[in-house]
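You will see two complexes here that share subunit A, one where it goes with subunit B and one where it goes with subunit C.
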Partner chain A sequence: MNSKLGTQVAHLAGRSVMRTLRQPAALIFPLAFPMILLAVNAAGLDSAASIPGFPADSYLDFALAVPFMQGALFSAMNAGQDIARDIETGFLSRLSLTPVRGIALLTGQLAGAVAVGAAQAVVYLLVGLIAGVTVQAGIAGALLILVFAMLFCLGFGSLGAFMALRTGSGEAVQGLFPLLFVLLFLSSAFLPRDLIEADWFRTIAGANPVSYLIEAVRSLIVSGWDPETLALGMAITLGIIALALGAASLALQTRLERT
Partner chain B sequence: MSALSRFRSVALGIAWRNLHNLYTNPALLLPSLLFPLFFLTAFAGGLSRVSGVPGFDFPSGYTAFQYVFVLLQASAFGGVFTGFSIARDFEGGFARRLLLAAPRRSGIVAGYTLAAMTRTVLTGTVVTVVALLAGMQVGGSGIDLFGLALLALLTSAAATLWGTGVAMRVRSMQAAPMIQIPVFLTLFLAPVYVPVDLLAGWISTVATLNPATALLEAGRSFISGAPEGVLLAFGSGIALVAVFGLWALRGLRRAEAAG
Partner chain C sequence: MASEGGITTDALVREFKGGIRAVDGIDLRVEPGEIYGFLGPNGAGKSTTVLMLTTLLPPTSGRATVAGHDVARDGPKVRASIGAALQDVALDPLLTGREHLRLQAALQGLARDERPRRSAALLDRVGLAEAADRKVGGYSGGMKRRLDLALALIHGPRILFLDEPTTGLDVQSRTALWDEVRRLARDEGVTVFLTTQYLEEADVLADHVGIIDGGRIVAEGTPAALKAEIGDARIEVMPADAADAGLVARTLERFGAPCNGTPGSVSVRLPESDGALTDVVRALDTEGVAVSDFQVHTPTLDDVFLTKTGRSLEGAGTERGTEPAPA
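This part shows the complex of A and B:
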């Protein structure tokens, strides 16, 4: 039974990856947009690296962590949109008449999103290294960054999947993007929390889980191995995955019952 | 009916319809109001420490510095969203019926531009009120602020005419990234976070050549009460409106020819 489930997941993951590869916009935009923003912000805010207490020598080193988070946000959108399209076109209903297990659809779709997210993360990292960033935590640190990126994609992809399964609408999934975008901008993405001057903004950034995810990746790039920051980032990432995946599984169950 | 009154009647009809659609549909209205406020919050709140960078000298403070960028960005994006609505009108078949019915078709372009400029007045008012409530210091006189408002309207008109030209050529929602991305890049390749003198490297060269820089720097000089580069800014704004006006009218001819 388990091997059957594995085969189903593999097929559906392959379908998800092929689907993304066949839509250049779904592939190019998540690759190009974070890199363009990184280039613009790193150049425009380079003088911020001269603020006393700034943790990195250049703003580029500091900012490289952000694209991994942006990539995860795009994964959320892509995973959600694909599932919503499967619902809107009736694919999910037809699938429910076959022996394919419902959970295979969710896992397969998310595995595809994680695979695409991993490829994106490799590109972000390579671009950063070519632009002159040094990962202070070394090769093992770079590998851990990729693991974090894949886990972010899984967590936020599950959130997109939950939204799609709950509403069955691509437009509703699109509505998630501004919320995720706000979470990114109201975090410590642009400055370290201790250098944020406005108290209210520092409080929001401190309460925003996205800050800790970015800080975990950033610590590997700018300061090497920082067990506390990494453990906190990992715990929050796993928490998001557990919550979002649980919610998506419940939503899938409800939808299949309705179907 | 004279040619002028036919033109005016078409322009006013289009503008009214566009604004009516906007103000009766929260899904269209809210993002265009909330996004600028969110950018103001994220940039002015999260990055205020950047004003402590050596050489940063802006008497009205960082909130006012970012307010001008957000105002011009909101004006430009009002134009971008109007471009989207033209593309949507083509997809729904309304624009083709409009081309058949309008006695003076150049009034269509004028109507969309008028709608976007009216939209800028609303968004600009909301952003200004929020910035003032957040403690923005205004050093400029009433005349200076009027100058800033004119720059915002010119930005809105230029972006709308750009979007109109693209939408009339592509005639589907696939035009959306083509409308949005160049505007986004032009705005972010201006001195968003620090004055142009503090930029270094490639972004300094790009920002110096970017017409948005002239608008932004003049706008900031207006709010701080020390107008500077005003002729260059208005010259650039009027030139952009003229060039994109021709672009939009040629797009209209293409749409007419396509039937």
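This part shows the complex of A and C:
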């Protein structure tokens, strides 16, 4: 990345972070909602940990991977809605009149979303550690969890950006949120895949890429270093990023008609 | 090739979905350093023209150059030469005025130490120094327009596009913006391409005016020349006693040709208004006519529009609606 492009990305990312910091709702919900859900599940479903074959000693250990995914879903919303708002208000046209490169517009916004996502992930991890979770993969494993969380934010943030650039509508981006949440609930977020009794649910969870993202993070928390699970999770994460970022870049080209 | 600080278009066309031609073959020539008023009702094609000239919308056909660069082929060079305040005041309500300027300065490639200096100077110039660190969401409409103008000027462009810059502003804000536009053209030699639906704005500000309707230029020239083209001043006299109407008519006919006016009044067109008005008043006094109303109507740009299109500019846009969405 040359220095000019770097400057453009840095300023646009700074603006994205600033916007988030100045909207309490954009900060509080991604922090509070996953933590509340984690507390409720850990208290209500702890007996699940005694099911034979359950991979963790406590349900809290098992469920701590989920907030990192939920945080990424909020990133998708925030990145998408910020871009949609820029389209609706004409701010994107203002930016288009500068020498800023299209790739900087997109990566600047996403870098901001990833930065906020990283800060959220640190909070999730700290809350987990304070509540008594031990990351079996150690400090390096904890750092890898943060890397996964940031990559999740990049991938799902790109999806939100794609939706915004394709439709130009904040409402359309909001419509994405329930769909992504359904994906989360139809994954192995709340039970290991081999313990899901309903065949249809187990089949869907097996085909749902979100399961593998959560399982990669979970493996670091509950079982240490599991190269196969981590490699699969990373490959799917990078695949989602490539697809979503590619689609968002194409949508940006179409959106920016400038000559 | 157009001169470096000017704008030219040749048969410029933009067609939208459904074959609607928002801009239908316009030819323009804007000289460097002048203020060009692009006047027309809503939906006439003004904003579409601006979007094409600022490289944000590719032309369907025809050619346009801005600052000597082709808008279709040399978009980046055009953008480096221009500043633009588009119709929507595109600001981020969560950022302050100063943050807007610094972001814009960075994206325009200004040197790091130049950014705060240039931002402060522009905030001062547009009267926003005190409000510079307040979030834009709390600005008034006039303040937003002024910030918009400052943003368009951050990189010292040679050509400035202002798309309906005073729409919705109060008289005070409008006058302040006019003063700044005049100063830019006079003191800094900035070429200003300004669209407006306000006759007064075009009349007061513009060196040259182009009147657009239905995507076509219907008249072009200096405001004075356009008005002179359509006729002379008209005087209208209302006698205090209706029985004097004949006498008034005979008196006025010595000065010009009769024409239509308000019922009950007598109207004539004056070939030359300089000095004639005094003679008219003296003549009426000599005839001993009591007058209840005496009006002088000089031609306006609305009269020009009326003559060229058969409609008045005031409210003409409601017949056409707004410009269509891009295809």
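For this structure, a couple of remarks:
FYI, the second predicted complex is superposed on the first by the 256 of 259 C-alpha atoms of A that agree within 3 Å, B and C clash if a C-alpha of one lies under 4 Å from a C-alpha of the other, contacts with A are read in each partner's own complex, and residues count from 1 in each chain.
To be clear about the criterion, a contact is a pair of C-beta atoms (placed from the backbone, for glycine too) under 8 Å apart; a residue touches a chain by one contact, two chains touch by 3 or more.
Worth saying up front: this structure is predicted, and the values here are computed from it rather than measured.
In the superposition on chain A, A:7 contacts subunit C only, with no contact to subunit B.
Looking at the shared chain after the overlay, A:130 reaches neither subunit B nor subunit C. Look at A:205: by the touch rule set out above, it reaches subunit B but stays clear of subunit C. In the superposition on chain A, contact of A:195 is made with subunit B only, not with subunit C. Of the two partner chains placed by superposition, A:139 touches none, neither subunit B nor subunit C.
After overlaying the two complexes on the shared chain, residue contacts for A:98 are found with subunit C alone; subunit B is out of touch.
When the two complexes are overlaid on their common chain A, residue A:50 makes contact with subunit B while staying clear of subunit C. The touching residues of subunit B, when paired with subunit A in their complex, are 31, 34-35, 38-39, 41-42, 45-50, 52-56, 177, 185, 188-189, 191-194, 198-203. The residues of subunit A lying in touch with subunit B in their complex are 25, 29, 36-37, 40-41, 43-48, 50-51, 178, 182, 185-186, 190-191, 195-198, 200-201, 205. Residue ranges of subunit A in contact with subunit C, taken from their complex: 4, 7-8, 11-12, 15, 18-19, 22-23, 86, 89-91, 93-100, 257-259. On the subunit C side of its complex with subunit A, the touching residues are 54-58, 71-76, 78-80, 82-84, 86, 88-92, 94-95, 99, 103-104, 106-109, 135, 151, 326.
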